[in-house]
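Down below are the structures I want you to see.
Look at the two complexes coming up: subunit A is in both, with subunit B in one and subunit C in the other.
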Partner chain A sequence: MARRAAALALVTALGCTQGAADEPTPTPTPTPSQDAGGAVTADVPVLRPRTVQEIPGHESIAQDTAPKEAPRLVPVEALMRSYMTLFGGLSPLQLQTRLRGSGGNLFDTWNDYLSALGVPDYAADIPRNEQTNALMLAAFERIGVALCDRAVESDLAAMPPTQKVVFRFDLPANRAVTDAEFATRFDVLHRLFFGYPASLAPPERLPRFRQLLRDAAARRATQPANAPGFNATRASWAVVCYAFVRHPEFHLY
Partner chain B sequence: MRYRYAAGVLALMMSAGVAPQVADAVPTREAYRFFRSLSIDLQGRMPTPEEVAAFERPDFNLDAWIDQRLTGPRYAERLRRIYMDRMRLEVGSNFGFVSNPIVLRRVRVRDPNNNLVDVYYRRSQRRNRAETDADFCLTQAESGIRVANNGTIDGTATPVAADVWGARTVALRPWWLYRDYRNTNPSQRVAPNANSDAVEFEPVAALMNEPDGRTPTVSVRVCREEAQTAPTGRVYLSGRTTNPPRGTPLPGNRFNNPPLDSAYARAHPTDMVSCTAGTGVSMSDQCGCGPGLERCMPGASLGNDPPAFVLPNNMPLGPDVPLDNVAQAQSEWARFWWSQEAVRFLDDLFGNDRDVREVLTGRQTMVNGPLSQFYRTMAGSTCCGNGTNFDYVEPVSLFEPAQVPADLVPQDTNTWRRVADRGPNAAGVLTMPIFLAKYGTRRARAHIVYQAFLCREFVAENVELTPSEEPNLMVRSGCATCHTTLEPLSSYFTRVTESGWTFLPAQRFPAENTACARRGTSISGICGSFYDPQFANSTRGLLRGAYGSVANADAGPAGLARAVTAMPEFSQCVASNFAESFLGRALGPEDSALVTDLTTALRNGNYRSRALVRALLRADAYRNANNLGSDTWRQGAMP
Partner chain C sequence: MSDIRNERRTFLKVLGAATAAGVSSQPLFSALADPPVAPDEFFVFIHASGGWDVTVGLDPRNEARGIIDPASTQWVDTAVLRNWRDATLDADYETFEILQPRGTNLRFGPAVGNLLNIADRVTVINGLAMNTVSHPDGTFFVSTGRHLAGGRPAGASIDTVMANESGRAQLFPSVSVSYPSAYVGNELDPRSAPLKMASIDSVSRVLTRANVNTQAADRNAVTMMLTQEARDLLARSYHPEVIEQFVLQYESLPRMVREDFLGLFQTAGLQTAQPNFNYRARFQSRGAVNAAFAVEAMKRNVVRCVSFSMGSLDTHGANYRTQPLVQQELFDVVAQLVASLDAAPHPTLRNERLSAHTHILVVSDFCRTPQINMTGGRDHYPNGSALVISPKFRGGFSFGSSDPDQLLPRVAGRFADGMRAVAPPDVLATFVNAFGVNPRKYLRDGDVVRELLRA
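Moving on to the complex of A and B:
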């Protein structure tokens, strides 16, 4: 509504600066009708939005009805609840503690990210941010990466798959997964993050993620075995997880 | 499209406990994504693998699944966000509800045993000693320190004599330390749950412990007048009618002159006044803070807005799962719960599928312990100021205190009770403190109603603004286009004071008042606070804000609610607001058919939100709301 009002104000302003006699008359603010006592009553004429074809001279112009707005972003509240659910049903403060981990370098506090995530601040009259921006994406990434790292630490340890929250599968011991083994495990993650089987995804997605796993493992293999951080297997699955939480399909709906 | 699981995938799913019952009954990608959208909008999160597995079963009933979600708390939260996003019903510290009649500040003195003790007092407390009237109850001669009402202290604390200590102060067990504070001997001491993240009743540590920071406070020391519990007090006449000449030593070496007797006090020297009204506190030395000091808010310092309670700064997912919990100034306590009242009111409305028009017209509300305390004992503290010139000393409330649940105590932060009827002046969110604080002026209040509930905006016409002394904006060139509409709408709020919630009843404040008629070029000074000299004539004065419409002024916010919800634009606006929120984009002309359909669904569904949401979720526009680019749409692809 505000955007439409702004557009109308712009039209009005343009009409003012151009001052052409044949410019359309600016539309004044619609006035609810009033009775004799001045009370606003219900017999207000309905204002109907006009289509493009109703504007003189536009009757035969083809109309592009494709959506012009940006893709629909998952509301930040739903995103936070999703993080809480997907990563083990924790409360935000528990999740914050987990995200900070022992080092505290990956994540600070939720409050540091709220503005970037687009959370509205009603008290300060800052509206919900429904469009992505660089800061928002960086914040999404930071949280997602931290969550993935914590999930790798817990899920890829030896425990029954039913107790795992993200990597709900086992990995073969002492060797890399085969293509077929990767595909089945990729499907588990795909259903977790995107809500549908990997087989329904665009066909290039599986090989891309497969290659990502290989590349991440190879890069880690070039470092000393005692280098800090994850080993090659864990590092490569963490990177796959990063790719899911960074993917546009995760943040849009 | 049919899909059969690869054997490996199925085995993994079975090991994780999320396997479908029928392996080849998997829906299309579009159906999965539709289900994901429904989960995000109705459950407030993405679906879990278990829910996706359930969705894949051939006997999955999507309609039943949707209907089940339309009764849940996340659904109510989803709809509430639509209106909270539009009205933004929170206020920050720029709205400092620091009402002197209710704020207890404290001064650190030395008791007769030379121990440091905090003594609570309120700045406006009337006392029958000129040395301490409306000031701290111990003079500099008695305590060694001189306390200014701006929070500064002179001198060094010295032990107070035992007889003075006993005569001027009292020890008691207050409401912020004891749940059973109304009992003769309270014993149920407050014990915040340190293991809980949720918002709960938690005074700051300084209120819970003695000055040593370790010893739990068992009772507090308070000035004797503040400890009084009577509901009414007799008007106090000090005999002071004028201030002494400048330079005259002030009694007790106090910083400021003691208060003078008001005109009302002089005219009503034997009257009894309510101790829950601000005028009662300012006119009677018999009005205290009530049983357990329940009419007053504690503060852990002498500052203007002292720290009092632990509350979150941010909780986008609600008070059960806040993102932090920190010590806050006492005024935040009221602001926080006012906002939560609106949240709970909207949740109740949408969660129980009440008539959406009740957002504006409903006389019901939701209260918990802190809100019950506020409406019962503190809301009247802002009344009645200069209204005493019109003999207005007993507040007529937007929320009648008698309707407040009597059994709720301030510690009941998580117990919410529905109040069916706040009283005849109540009107949905329009008469809630959070709305009236957020939108402080009559015009601001009218404007947000115009925006949020009629989906309209004021747009200035294209005319040259010329200098004018015309006070009537409905006729002044360049202003009239908007104000012809805005002023009559604003008039509905004539009887609610600006930046507050004090109601101005017609009995005391007739919209047209002959006593406030113009005399020469102005009106009487006592009229000026409430009557507008610009619109007074020789026969009557006009209540401020009523010039847009006297009828609307007398109809009040409830009249505005009735008028707005009767307009056809109201239901169209509800439909548009819901559609914009669920589609995640502004609507355009191409959406007019959708809005018409949704409006019809709302009206045919007796203005129940579920009927509207069901229609919206089944609309192609929602199913096709996509995360693909416009190019894909132009090429005819489905998302």
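Moving on to the complex of A and C:
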């Protein structure tokens, strides 16, 4: 009896050990870093660009790096899924309700934009539009403005960066961000929308976005917003968001 | 020493020439290098979607001959047809009298509506060898001159071709409302990519801007910055065509979202501006809106080509009863389009009317069977007709024919590849050639039919 109990204990112990080994290692909650402007959450690991030759076994293998195909337009279904994922993980109707908000004519319904976005309509023999046109870019702008404005309204309110959806950082109170502070926050948005760090982007991109933010803030200083809650800071970060969500890199792969 | 210098000079010359050739071979630069043809001409392309019954319209039959069952009071609603004149078919039913406009060789059925009033300006091509009874295939065959390859268009459609040749500088080179437009080929400038939409109205919502939280200046600043970003990507790109399109489209966007264009894309505004179209038509009310848009957009000189579809022609069953009415409404829209163009001044040429510089091509997937089927309808048939209204084409003229017993295309004459029937590529080749464009630049097949063109 004692032997059986010992064997049972052993099996139980082994089982528990095995189970523990199968469990995934818990991912630590991202800890916001700090700078003078406040907390910044970047939950994507820092990447260092590596060449293929650095991968073991690839040191002497010849690589043909010539692109074999032109960039392609992200399918509209994937684009809409991206909108839903990046701007809060909502369903299409939930997102539509949020974008319409309590007024302001920022958004109509998804149905109003589907043909401009290139969604095929097989009932009417309208094929998928696989190339951009000016109307499609106008639709990107219309939708992008609604997405970013609503994100600014929620994210730039007082809440911890970890609970924010797009602007996962704090902004300094009562002053504009410095160049260094902007770079850190730009990197957060760059990773979110383009999926890679800003350090790997063309070098002129960061100063361009920086200038965009400055100019938007300056315009708002001379021309107050129609919406009272949208101050210069909010308007300028909304403009930066527009640029990300309408960027060619966001729409091509 | 001088030999070395000469060699170096020769080398530099060759290098320079090669660089220039390479640069100019890029679509954008080659497009900029070529002056547009027909810079003051406008184009309207209409696709009669579903396959029209030519026996009541452009290639009429009123005799029960061979396998042909002519339309009769047994099968169609005749009370709504303004041009229906009874003619005896048999003891029980009446068929129609064929209309033969004076001074032309045209023969019309009762479904041509008000087209009859402008018959002297109409060119009809009958007996088109469609070689297909598939809607998608026929649809793109008449617009591109090529059958589908693997289900995809194999060539550029006629609206894209004309936009590429003459519309690159326009704000909207080609507006395509449910038309079978295709942007395929290396010769095309990205600006000529058709602006495809399901309906004119759908555009107004896309172009509406709220100006609540941010202003037009903010959005335009973003657009300018993105243009720079796209230019940088273009410079780095191994395949520049896609990015090139982004650059050009970003550049046109601020002009496009101007508020004064919103009315152009709203049904109510178009109905007010062009009140003579029949917007209450049973089948073609949307076609009327599209035609009104064409007139208004051309008057403002913001488009080069407007193309749209007019449907409800796919009548396999009892719905064949309305086929002549559908066609009558379709041809009424075309006739009113011409009348509206007659009344509109040309936007860039003084003392000229728009109609003198607007060219209209109407085609369909194919035609319908000569027999009435078991359910009282007509199915798909590999014959076709086309209609052209253009100052470049001979008016009041019909070319080609179909077999009197079977309604199949008949030999129309000698072409480069021998005696055969006329086919859609021939119509398209003739159309582009009328404006001095070499058809072989865009079309693999098709001969220019000189008889169709004015001397």
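Following the convention adopted for this analysis, the second predicted complex is superposed on the first by the 175 of 253 C-alpha atoms of A that agree within 3 Å, B and C clash if a C-alpha of one lies under 4 Å from a C-alpha of the other, contacts with A are read in each partner's own complex, and residues count from 1 in each chain.
Quick note on the criterion: contacts are C-beta pairs under 8 Å (C-beta built on N, C-alpha and C of every residue); 3 or more make two chains touch, one makes a residue touch a chain.
The shown structure was predicted, so the numbers you read here are calculated from the model rather than taken from an experiment.
Enquirer: Where does A:169 make contact in the superposed view: on subunit B (first), on subunit C (second), on both, or on neither?
Expert: Touch status of A:169: first partner only.
Enquirer: Of subunit B and subunit C, which one contacts the greater number of residues in subunit A?
Expert: So, of the two partners, B touches more residues of subunit A.
Enquirer: Would you sort A:216 into first (subunit B), second (subunit C), both or neither based on which partner it touches?
Expert: Only subunit C is touched by A:216; subunit B is not.
Enquirer: For A:71, using the defined touch cut-off, is the partner it touches subunit B, subunit C, both, or neither? Pick first, second, both or neither.
Expert: After superposing on A, A:71 lies in contact with both subunit B and subunit C.
Enquirer: Is A:134 in contact with subunit B, with subunit C, with both, or with neither (first, second, both, neither)?
Expert: Only subunit C; A:134 stays clear of subunit B.
Enquirer: Tell me the contact category for A:191 with respect to subunit B and subunit C: first, second, both or neither.
Expert: first
Enquirer: Looking at A:249, would you say it contacts subunit B, subunit C, both, or neither? Reply first, second, both or neither.
Expert: After superposition on chain A, A:249 lies in contact with both partners, subunit B and subunit C.
Enquirer: On subunit A, what residues does subunit B touch that subunit C touches as well?
Expert: 66-67, 69-73, 124-125, 248-249, 252
Enquirer: Please output the residues of subunit A touching subunit B within their complex, sorted ascending.
Expert: 1-5, 8-9, 12-13, 15-16, 26-32, 34-35, 37-42, 44, 46-52, 63-78, 80-82, 84-86, 91-94, 96, 109-111, 114, 119-120, 122-125, 127-128, 130, 161-162, 164, 168-169, 180-181, 183-185, 187-188, 191-197, 199-201, 248-249, 252-253
Enquirer: Report the residues of subunit C in contact with subunit A in the complex, numbered from low to high.
Expert: 49, 135-136, 139, 172, 178, 180, 183, 193-199, 202-203, 205-215, 217-219, 221-223, 225-226, 228-230, 232-233, 236-239, 241-243, 245-246, 249-250, 252-253, 256-257
Enquirer: Give the list of subunit A residues in touch with subunit C in this complex.
Expert: Residues of subunit A touching subunit C: 66-67, 69-73, 104-106, 108, 112-113, 115-116, 118, 121, 124-126, 129, 131-139, 141-142, 145, 149, 152, 202, 204-205, 208-209, 211-212, 215-216, 219, 223, 225-227, 230, 234-235, 238-239, 242-243, 246-249, 252.
Enquirer: So in the complex, which bits of subunit B are touching subunit A?
Expert: By the definition above, subunit B touches subunit A via 1, 3, 5-6, 8-9, 11-13, 15-18, 26, 28-29, 32-33, 35-37, 39-41, 44-49, 52, 77, 81, 84-85, 88-92, 197, 313-314, 316-317, 321-324, 339, 451, 454-462, 481-482, 484-485, 488-489, 491, 548-552, 555, 559-560, 563-564, 566-569, 572, 576, 580, 583-586, 588-590, 592, 625-630, 633-634.
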